[in-house]
Amino acid sequence: MNKNCVFETDMADERVDMYKKINNLTEVDGIKVETNKNNGFITTNVEVLNESGSKAISKEIGKYVTMQIENINYMEEEEKKNIVNELARVITELIGKDTQKSVMVLGLGNINVTPDALGPKVVNDVDITRHLINFAKELVEQDTRPVCAIAPGVLGTTGIETSEIVDSIVKKINVDMIIAIDSLASQSVNRLGNTIQISNTGITPGSGINNKREGINKKALGIPVIAIGVPTVVDMATITNETIDKMIGNVNVEGNFSDASKEERYNVIAKLLNTENYMVTPKDIDNVIDKVSKLIVKAINLSLQEN
Amino acid sequence: MNKNCVFETDMADERVDMYKKINNLTEVDGIKVETNKNNGFITTNVEVLNESGSKAISKEIGKYVTMQIENINYMEEEEKKNIVNELARVITELIGKDTQKSVMVLGLGNINVTPDALGPKVVNDVDITRHLINFAKELVEQDTRPVCAIAPGVLGTTGIETSEIVDSIVKKINVDMIIAIDSLASQSVNRLGNTIQISNTGITPGSGINNKREGINKKALGIPVIAIGVPTVVDMATITNETIDKMIGNVNVEGNFSDASKEERYNVIAKLLNTENYMVTPKDIDNVIDKVSKLIVKAINLSLQEN
Amino acid sequence: MNKNCVFETDMADERVDMYKKINNLTEVDGIKVETNKNNGFITTNVEVLNESGSKAISKEIGKYVTMQIENINYMEEEEKKNIVNELARVITELIGKDTQKSVMVLGLGNINVTPDALGPKVVNDVDITRHLINFAKELVEQDTRPVCAIAPGVLGTTGIETSEIVDSIVKKINVDMIIAIDSLASQSVNRLGNTIQISNTGITPGSGINNKREGINKKALGIPVIAIGVPTVVDMATITNETIDKMIGNVNVEGNFSDASKEERYNVIAKLLNTENYMVTPKDIDNVIDKVSKLIVKAINLSLQEN
Amino acid sequence: MNKNCVFETDMADERVDMYKKINNLTEVDGIKVETNKNNGFITTNVEVLNESGSKAISKEIGKYVTMQIENINYMEEEEKKNIVNELARVITELIGKDTQKSVMVLGLGNINVTPDALGPKVVNDVDITRHLINFAKELVEQDTRPVCAIAPGVLGTTGIETSEIVDSIVKKINVDMIIAIDSLASQSVNRLGNTIQISNTGITPGSGINNKREGINKKALGIPVIAIGVPTVVDMATITNETIDKMIGNVNVEGNFSDASKEERYNVIAKLLNTENYMVTPKDIDNVIDKVSKLIVKAINLSLQEN
């Protein structure tokens, strides 16, 4: 029987790797993984096929596409275009081409905390059409898809659970689909700001860097939720634990550290540091968020309307 | 029979003055007005008593308190305290002292347009307790009133009518009362940023500088809505028209200008300039919003919790 | 002898038009004007050739290129590209192609007042290379032009004249040229946000919506200053006066209004309203600034480096 | 002979503690430390008396006062007032009471990265008088001290070293003293956001979370520089190393980890993780910066003008 992992990452592909490593596997039952190298980025498709796969990596059954950009700080125009086009293609595949279906772009996170500002920034910039279709039809082309957008804030500043806000609006205005944008946690600092995960499973309680207790997913809302996330933080205990692991590999340590399982150590660290209140993030996080949000905005605009 | 006015101001006291002037009255039937001079500010209480008063100034039956601050840029600490205390007293009078009743602070307007940013700024700074009462009761004192807050954005950036968002959330989370903060239009540049209007009638379609087609008031939502507004803009046609009026008084003009009624002239001007897309606002509007929002935040915090 | 104008606009082409109108001329001595219609925008080249031209429109001898965009809110990708390319071409023409010459991008204005935020926004987004060339040469290509950027704030928030800050930095770090970005005043609301003026004369005391008493130009600083400006406000007295003018044309007014010269009227209005403390600006100014700043950033990046 | 430390903290009191611990001392030669408990905060005065003390903790000779606030999130009004008054008292002690002496408030850091935004935020809110004294003397009381303020940005966004900007402006406008506000690094997450360090030694190259290669201090600028800093980040390698230390204490590890000196380990970790590009910061850093910046603004305003 395989060992379970406690994952401090929201990235499906990282979870698969961890699960394989801890259980010494080359494949995980119920999970299909495929990696493609493109011009300027690498795509990893993780498909969770059944309950067995879902249980292994604690992720809902569904598709998780990860696009890792080679160098977010120095993309050529051509590379940018490729990334946007591929991102748009993946989004279109998940939401379909029927522009009758209305979409709400949902910007999760806190605009006043730079590493958590991705969602609200995308909402600020994405093309909105719902009000034009309703109140000024002459300004939009026929077959324009109704798109609305909201950044509801976070529990700490509103006092209201995000899922409550979303659920109530969705019911009131008859949204057909949601694209939710969120900042994520990765296990590796090397992926911060340069990796985009798109999934058709929405957002499940407990993931992300925000407190979300109810899901923002089909089960909770009754409509499909596409989640687009970018890792911007690493959990503090994770990185400490990872470091110890690397040091053990490097400096040939003996004693309790190497004997203790990584998970036991994690719990010790988390308790020692009260780590849940802190995050690890790049020093130039403003720059990173700026660049990746522009790619996402362009891809969403491209995928939502006919061309 | 009295002449009707078309009002380009959201301020009840200005409307009363206009109505009196145009109809050559010293009192308006169905409206009670009372003015008090305080240390650092002047309070005007307008009470719309019945349908007759309501029709005269196109304002719902209810109370409208206007506090005009003498000099928002140079308030002494003592004056500030007086203003905050009086503002808190008025709010408490309207919402009552029962801290069992939950309150939602609603920040209307667009945070990215300085003269329209008052509401969202207040929401950012006001004390929120609802989530603590729900999830961390040990952190708050007994009898803390549940307070939540949201800045839903504007139609142009969300594609959703603000009233739809508010209505759906209110129904979902059982709010007992709303305090809505908004930027208003005045008829006079001299009142911009230094006047606070508090009313118990909520927000009615068509007023304010935003497009709000459904009301945010008791009739629409089923719960009391206290509105706190500060004039930050003057309508462009209004000010032009006003100017002409003043010039007529000053320079002894004859001819068509003085013959045309002020309202006819307004329509001519509005058509000539396409004025509805523009606003007149102080050059140091950031400073003004900053100062007045701090007074409002302090007063709300003071009035919502027991002391 | 020709009559002088008092101009409440920073736009050279508007001044030429006013001067012609008031003096009933078809040409102004010492000024060459040329207009071209392009795909999506109209270009007006005003060249002030000599003192006579300079005196007529109160603008320094030099070139003023105005690009008026047809519809800033609905530009096709192709149109955007054309505008950026033409803007870049004009900038390159003024600064030259020698990438040895270092450039400072200077963002004038107050980032906290939306209609005045253009300069600081451009500074935030423009590509900076000076520090890389100095400290990390391996990260930049050979012949990269040293570019630095600063948004020094405004007198009201720093207490220091912008020209003092700029002059001191320029002398300290040996800048060869400045590109100064500023919000301007136009005489017409129809040009707000959709017009870009590029000149090789820098910024002269008294123009712009900020208080700038010393020039930011070659005479004051000893180095060439290219100014890129976008009108975002109209002077309140101007617009009122303009309206009266239009009404006179429309409604056939007689009496003092039509007799008084427009300039006399302007002074009356300015005194009556204390207009210098207020501005007229579009309600969706955030949107407008966002769109036009992106065009300018792209054009500056394109023109400053070899391609 | 005592061992040297490599300090990853900007806090003088932490350095003294580290130095004592590593060298097993109860006192450090050339350093005087004094701690006082007040209502709501604890003050630690570190005085570096001579070269010996300076060398031990790698801090300039001078005074370092640290105020540690008990609970920044729940200060009573009385506590707030105490903290502000004490902070103002310390500042006044360092800058003197002569209001003829002009002061420049210098906001270091990047306003777009929340944990680095303290300096620019304080600059936004502090009372400025220099321009009034120069241009509108009638608006200020006699003996008002000339105060100006600037937030020059960071090397990564300006391409100019902050010290170059400051040096050039100081020389141009004859500033007598500087109060520099900066975000600092602490060694302990428990101090983030709740500790204020005031010193009379300015800012020395290499400290702080920004890249500052030239000092902003009396030696470099020729005028006194008071530095006010708040720790908002912890170095990633520091915290990892600290954790290992705590684990060694807790879980009784043997082997290479405990044998290696803490400093050797630090270098291994820093290399393994490329830690210099990342920072550890509280998840609610916006809130923390907001609260502590308000205290600092009030204290500066209070200390700079006569009362």
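Some points to look at:
So that you can tell them apart, the chains are marked A, B, C and D in the order they are listed, and the count of residues begins at 1 in each.
Here is the rule we go by: a contact is a pair of C-beta atoms (placed from the backbone, for glycine too) under 8 Å apart; a residue touches a chain by one contact, two chains touch by 3 or more.
A quick note: this is a predicted structure, and the numbers were derived from the prediction, not measured.
Traced through touching neighbours, the fewest hops from subunit B to subunit D number 2. Separating the centre of subunit A from that of subunit B, both taken as means of CA atoms, is a distance of 40 Å. Centre-to-centre separation between subunit B and subunit C, using Cα means, comes to 36 Å.
In this assembly, the C-alpha centroid of subunit A lies 42 Å from the C-alpha centroid of subunit C.
Contact with two or more other chains is made by residues 112, 156 of subunit D. Taken as a graph of touching chains, this assembly forms a single closed ring in which every chain touches exactly two others. Pairwise, the chains that touch each other are A-B, A-D, B-C, C-D.
Touching subunit A in their complex are the following residues of subunit B: 112, 123-124, 128-132, 146-153, 155-161, 164-165, 167-169, 171-173. Of all residues in subunit D, only 110, 112-116, 156, 189, 192, 209, 234, 236, 239-240, 243-244, 246-247, 250-258, 260, 265, 268-269, 272-274, 277-287 touch subunit A in the complex they form.
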